[in-house]
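Naming follows writing order (A, B, C and D), and every chain is counted from residue 1.
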Amino acid sequence: MLGLFAVAVGLVITAVAGFLTPGVPGGIVNFTGAQPSGQPVNLTVQTFGAIGTGPHPTWVSYLVKSPQGQWVHSTDWELPANTVINMTVIQYDSGSPLRNQQWGQVTGTIGNTASVNGKALSQYDSNSGNGVGHTFTVPALGLDIPLVAVPSTSKNICGTAPCASSFDHNTITFSFKTPGAGNYSWQCFVPCGLGYLFGNGGPMSTQGYMGGFLKVVA
Amino acid sequence: MTISAERPTEVVVPSAAPPSTGGISRTPRSGWLSQHLGTAIIAAILGYAFGHWLGNYVSSGYTYVVTSGQNSTADALGLLFGVFGWLLGIGALNHPMAKLVGREGVEDAPVEGWSKYFRYTLDHKVVGMQYVVGVLLFLFTGGLLAMAIRTELLNPTTHVFAPDTYIKIVSEHGTMMMMMATSIIVGPLGNYLVPLMIGSRRMAFPRIEAFSFWIFVAGYMVIFSALPYGGFPTGWTGYAPLQTQAGPGMVSYLLGFAVIGLGMMAAGFNIAITIINYRAPGMTWSRLPIFAWSMLATAALLTLATPVLVAGGLFGLLDKTVETAFYVTEHGGSSYLWQNLFWFFGHPEVYIMALPGFGIVFEIMPVFTRKPLFAYKVAAAGMVGVALLSFFVWQHHLFQSGINPDMRPLFMLTTELISIPTGFIFLVGMGTLYKAKIRYEVPMLFCMALFFNFLIGGVTGVFLSDVPVNVTVHGGFFVLSHFHYTIMGGLLFAFMAGLYFWLPKMTGRMMNSRIGKWHFWTMFIFFNLTFFPMFIIGLAGQPRRVFTYAKNLQVLNDFSSISAFLLGASFLLFFANLMWSMFISPVKAPANPWDSLGLEWQTATPVPPYNFERIPVIMTDPYRYSEVGAPAFADLGDHTPARSSASGSDQT
Amino acid sequence: MSPQNSKSEVGHLRRIAVVWVVVSVVADLLFWFLVGPHVPPGRMTETAINNQRTFNILFVIALPVLIGVWVYLGYAATVWSAKRDGAPESVGGEAARTNQKAQVWWMSVTSVIVILLAVYGFYAVVVEHGSGGGEGPNPVWSPEGAIQAETAALGGGSSWTPGHVLVVQVIGQQWKFTYRYPGFGGFESDQLILPNHTTIAFNVTSLDVIHSFWAYQLSVKADANPQVNNVAYTETKQLGSFVVRCSELCGLWHGSMFNDGRIVSQSDFTNWATSTQTANAANTAHLPPFAWTYVPDANGASGGFYPDGTFTPYSPSEIYGAKSPAS
Amino acid sequence: MADTYNKLTGPRESPEEREFELRAQIGSIWSGGRLFIGMYTFLIASLVFSYFYLRSSNNGMLWRPHGQHAPIAYGVAVYLFTVATALLANVGQRRLRKGDVTDFQVAGWTGVLSGVVGLIVQCWQLTKLGFFPGASGYTSTFIGFAVINIMSLVIGTYWLETTLARSLRMRRELGGDKPELSTAPTARQFRAGVASMAYFWGFLAVSGTLLSAMFYVM
C-alpha cells in the first residue's frame, strides 16, 4: 500500500513537473557581447503565416537570426542595456485592419519613424491598402511599429517558415534604444490568432509565437 | 412501526425464510476478478480514444479547427467518453443497466482485503476511506502547484516560468483546490461518519454515494488533463469571453467542473436524504449531532447551487464546441451571463467550504472541553441561516463589474447580514470554551486555530463587502488572502482536526500525537506567516494572478514565499505522520481514545460491516459531558440477551 | 448556580473585559493616528481620501472585535485548561448548555454593528458618487456636471476647459489600456495624463475580453467589458504619478498590463493634450468616431472562431477593426 | 436505488428493524424524488435566466434578428410527446393505485414509446435548424434548451421504463395475482418509485410548457 501510494505521488510529481517545465522554444537568444559595448546591435527577425513545425505548425510566429547567423525559433532576446538596437523585420505575412488603429502609429523608435522597403513611415492606415500583418510593440517602452502586410491577393506568399527572400515580403527597419536592465514584454496587436475568438488566442496567447521578452541586461 | 424511543421487542428472525425480493445472493469472489480501478482505467482510455476519433470525424471541417489546428470538440468528446468509459469500467453503470430489465439492486458481498478500496463499493465506510486518499491526492497536486506559484513570485522581474505557464499554474491550482475543497469534508468524513452519527446501518443511496466518489476521481483526471492540453488562462473563475477564446485546456476546465459538479450533487443528495430518513429511532432534530446539521446545510447547498454551475459549464462547452454564443457579446450573448451563473453557484460554494468546518469543530470541542455544546440550537440556526442567505449575495463579487450597479447597496446589506449567523458560530465556540476543562490534544489545537484564522477571514470579508473599500481590495491579494484564511485557515484546519480525531476510529490506529503537535504548530505559524503579509501586499496594490509586480513589494512577497515553502514542509510532516502512524509503525487505537460520547465511538472498532449490531435507540441529548450520571446517549441494544441468539446462530 | 460560582463568573468576565477595553482603545488610537493616514490608496483624489477614511473606520470597528475574540481565546486557553497529567476526567466543566442573556446580547450587538455598517456604506456610495467604482452605463450617483459633459462628449466637437468635468475613455484590449480624450478631438493615446483639481469621468470599455481598469492611487476600479460603458468618477487633488494595472485576469500578458499615469497642473494638461492632438491628428482621422462602446470584430484577422457570414452584425456604435477592405 | 442487503452477509435484522429500514427507504424514494425535482428546477432556472437575461440585454441588437425561429413543427411535436408521456405516466400511476395493473402497463409502455419518439424528434430537429448556433442570443439559448430537453427526455423515459420493467419482473419473482399491489417490501418500494416518477413527469410537463412557450411562442 505504501509503495502504491509512493508510486502515485511520484507519478503526479513527474507529470506536473513535466507539463510545467518552461517550454519556450529555442530558449533565449543572446545578443550581448556580439558587438563591442556601446556599439549598436543588429537584430533581424522574420515573421510569417505558419511556423510549419513543432506542436502547432499552423500558428503564426517569428524567427530570429542569431548572432551566429542561423534562424532560430525564439521570442526571448537578450539585449545589452542603453544600447541602440537596429532592428530589421522581414514581414512575409498578409494582413488585416488593426483592431485598434492606435497601433498604426510608429512610436518609441529613434525619431518616431521607421522605414518600409526604404520609404519612411510614421503612421499607417490599416483600413486601406494591404492592412497590417503584425505589430511589434513593447508596451513598457512605448515602442510600436506596424508591420505592413504583403497583399493577400499575392500568388507568391510564403506558406511555412523559414521563408526565402524570393517570396513577397516587406522589409521594415527601425532603431530604438534599450533602457536599463529589466524584462520587457513585447507582443503583437493584430488579432492574428486564427480560429480563436477576437483572434487573440492560440499563438497570440502562447509565449514563443506572437510575444516574448526583451531581456535587457546591464 | 412508528419511530419511537422504545426499544423494539426482540424477535428472533428465521433468516432462512427469504422475504421474496428479487434479490440474488452472490457469494464473495476475489476482488481482482471483477471490475476495479484497472478495468476503469482501460475502459476510460478506450472511451477517450473513441470519443476523440468521433470528435475529429465530426468536426475536422469546422473553420476554427482548420485555422487554429486545435480541435476543442474532439477533446471534449474524448474526455466525455473517457468519463463514460471510466464509469462503465468501474461498474457504476451495471445497476442502471440492470434496472432497464427490471432487476432490483442487490449489494455484492463485501470484498476482503485491500482490493475493496479499488472498487465500486456500497459500504459508506469504504467510500469514506477512498475519499480520504482522493482528497489528499487533490490536495497534494494543488499544493505542488502552489509551491510553483510562490517560486515564480520570489522575484518581480526574473521569471522561472513563462507567463502562459504561470497563468496555467495559477488557474490549475485554483481550480483543483476549489474542486477538492467542496468535497474535502463532505467526502471523507461526511460519508464515513453521517450514518454512524445518526445511528444508521447504511446510506440511503449507496450507489449514488459510490458514484460521487468515482466521478470525483474522474473529475481529478479531467482537470489534470488541462495541463497536457496546454492549460487554461482564466483562473478558477473561468470568466468568459476569455474562456471562449482559450485553447482546448479550457474544455478540461468546463467539463471538469461539470463532472465534479455531478459528484457534488450526488454526494449532497445522498447525505441529505440519509439524514432526513435514516435517523435512528429517538433521534429528533434537536438530538442530531451538530456535524450532521452542518452536513445537512451543506448538502442543501450542494444539491441546489451546483446545477447552476453545471448549466453554466454546459453553455460554455457549447460555446467552445458547436459555436453557440452564450457568452460572446458580439453575437448576442453576454459576458455578464457567465459571471452571474458562476457566482450564483460560487457564493453558496463558499459556504459549502465553510459549514462542514464549523460542524467538525463543534463536534470535537465538547469532547475536549468536557462541556456540552453551548447554544446547540443557535449553532444549527446559524448554519441554516448562512446556507439560506448565501443564495442572495452573489453580486458582491461583481461590485466593480458594472452589472446592476444600483443594486450594490442591497448586496452590501445581504453580505453583511451573513455576518450575523456567522457570529452565532463564534458565540457557540466561545460559549463552549467558557470555564471548560480544555485538553490540548492535537484535534483541539486545530479547532482553536480555526477560530483564530476564521476570525481574520471573516472580518476581512466585511471590508470586502463594503463597496467603497472594495474599490481598493477587489481583485487583489487582499481578497486572495481573505479566502485563503477562510478556506484554508477554516476548512483545512477543520479537516486536519477531523482526521486526527476520527482516523483512530476509521483505521483503528492512532496518529502520532508528538509529530501531530509539530505539524500543528508549523502549519499554524507558517500559514499565518504566508497569508498575513498578503493582506498588506494586496493593500499595496498587487493584483491577483500577475507574474510581475512592483519592485518595492519584493521583500513581503519573498517573506510570503519562504513561509509558503515552510508551510509546504509542514504538510510533508503531516504526510510523514500519516505514513508512520498508519503503515510503518501503527499503534492500535483504544476503543474510545478521546472519551467521546458520540454514537460513532460506541460501536466496535473496526466498525462492523453494518455499523451496529442493532439499530440504536437514542435516549437523550448529545454532549452531556458535564453531568455526572447523565443517561447514555444511545441504547445500542447489544447488552440485551437477544443479541446472542440473533448473532449466535442462524438456525434458531 | 451557587453564589460562589456566579461571583467567579463575574470575575472571569471582568478580567477579560478590562484587558479587552484597554488593549482595544490603545490599538485603535495607535492605528487611527499612526497608521491611518498612510493607509492605501493614499490621498491623491477625492475618492482615495474617502475610501481611506471608510477603511479606517471599518478597521477601528474591526480591531476591538478581533482583540475581543483573541483575548477571550487566550484567556480560555490559559485559565480553563485541564491538568495535563493524571487520568482524564470523564466529566467536568460546568453545565452551560445555553445562556439566554448572552445569546440575546450577542445577536443584538452583531446585528446593530452590521446594519450600521451597511447603512454607512450605502451613504458613502451615494454621497461619493459610487466611490470610484464602476457604475455601469447609466450611473445613478454622478457628480455635478458629469452627465452634461458626457452628453457633450458624445456629440463630438466638445472641448474641455478647466473647471469642467473631463471625460476620459479607457479602452481595454489584450494587453494594454489606451485612452481617448473626446474633449480634444477624440485622439487616442497610450498615456494617461490628468489635470489637477478636476472631476474625471472614466468611461471604461473593452475591445475583447474582460479587463479591469484599476488606477490604484486614484482609488478607481471599473471592469472593462466588451460593448459595455462602465463609468467611474473621481476628483483629482494632488500632483503626482500613479499606477494603472489590470486587475481582472485577461490572458497571457495580464501581468504586463500596466502603465504609469500622471496628474499635472491644468495648464500643463492643456498643453500636453493640444500638442498630442496635433501630433496624432493623422492617426485620429482613421479611428472610428468617438462612441461609448465599440463593436470588436469577434473574428480577428482573416478567419476566426465563428465562420464568416453566419450572423448579421448590427452596430449601434462604432466598429473597431473593420473586416474590409483588407482580409 | 433502494438496495436490498445481500442475504449471505447482510445484517441480521429483526422484523421491526426491517420495517424501520423499509420505511426509511420508502421515505428516501419520496424525498429523493422531490429533491431531484428541486435540483432540476435550478438547472432549468439557469436556462430560463439566460434566456431572459440575453433577451433583455439584446447585445448588439442580436437577441433575435430577422425573427429567427427554430423549426416550430418539430418543436410542437416534441412538446406534445412530452406532455403525452407525462399524462400517460400519471394516468398509469393513478390506475395502479386503483388496482388496475394492466392499465398501468399499457399506459406506461405507450408513454415510453411517446418519450422515445419525442427524443428522436428532438434530435432530428437539431439537423433542421435554419440558423447557425452562434448567430444570435436566441439561437444560442435554443441549442442549450435542446440539449437540456434531450437530457430530460432521456432521464424521464429511463425512469418510466425501469418501473415498468420492474413490474414485469416482479410478477415472475413473486408470482400470484397483481404482486405489484402486495405488501411485499419490494412492491411497496416499487409503488413509491412509481409515484415519484409520475411526479417528476408532471414536473417535466410543466417546465416543458414554460420552455416551449419561451422558445416557440414568445
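Here is the rule we go by: contacts are C-beta pairs under 8 Å (C-beta built on N, C-alpha and C of every residue); 3 or more make two chains touch, one makes a residue touch a chain.
Predicted model only: the values in this text are computed from it and were never measured.
Least step count on the touch graph, chain A to chain C: 1. For chain B, the chain whose average C-alpha position is most distant is A. With centres computed from CA atoms alone, B is the chain lying nearest the middle of all the protein shown. When every pair of chains is scored by its C-beta contact pairs, the maximum goes to B-C. Between the Cα centres of chain B and chain C there is a gap of 32 Å. Chain A and chain D have Cα centroids lying 56 Å from one another.
Each chain gets a centre from the mean of its Cα atoms; for chain A and chain B, those two points are 45 Å apart. Taking the mean of the C-alpha atoms as each chain's centre, chain C and chain D sit 47 Å apart. Residue positions of chain D touching 2 or more other chains, listed in rising order: 59-60, 62, 132, 134-136. In chain C, the residues touching two or more other chains are 208-209, 227, 251-253, 256, 295-298, 303-307, 311, 313. Shared contact sites, meaning residues of chain A that touch two or more other chains, fall at 185, 193-198, 200-201, 205-207.
Inter-chain contacts, as defined above, occur between A-B, A-C, B-C, B-D, C-D. Only residues 171, 173-176, 178, 188-190, 207-209, 251-253, 256-257, 259, 280, 282-283, 286-287, 296-305, 320-323, 325-327 of chain C touch chain A when the two sit together in their complex.
Contact residues on chain B toward chain C in their complex (touch as defined above): 62-64, 67, 163-164, 166-167, 233-235, 237, 239, 241-242, 244-245, 323, 325, 328-332, 335-336, 369-378, 399-406, 408-409, 412-413, 416-417, 419-420, 423-424, 426-427, 430-431, 433-440, 448, 451-452, 455-456, 459, 462-463, 465-472, 474-476, 539-541, 543-550, 595, 625-628. The touching residues of chain C, when paired with chain D in their complex, are 227, 295, 306-307, 310-316. Those residues of chain B lying in contact with chain D across their complex are 1, 3, 8-13, 15, 18-23, 25-28, 96, 99-110, 122, 200-202, 204-208, 265, 269, 272-274, 276-278, 281, 303-308, 310-312, 314-315, 318-319, 322-326, 328-334, 336-337, 340-341, 344, 609-610, 614-615, 642, 646-647, 650.
Of all residues in chain D, only 1-21, 23-25, 27-28, 31-32, 35-36, 38-40, 42-43, 45-47, 49-50, 53-54, 57-60, 62-64, 132-141, 143-144, 147-148, 158, 161-162, 164-170, 173-174, 184-186 touch chain B in the complex they form.
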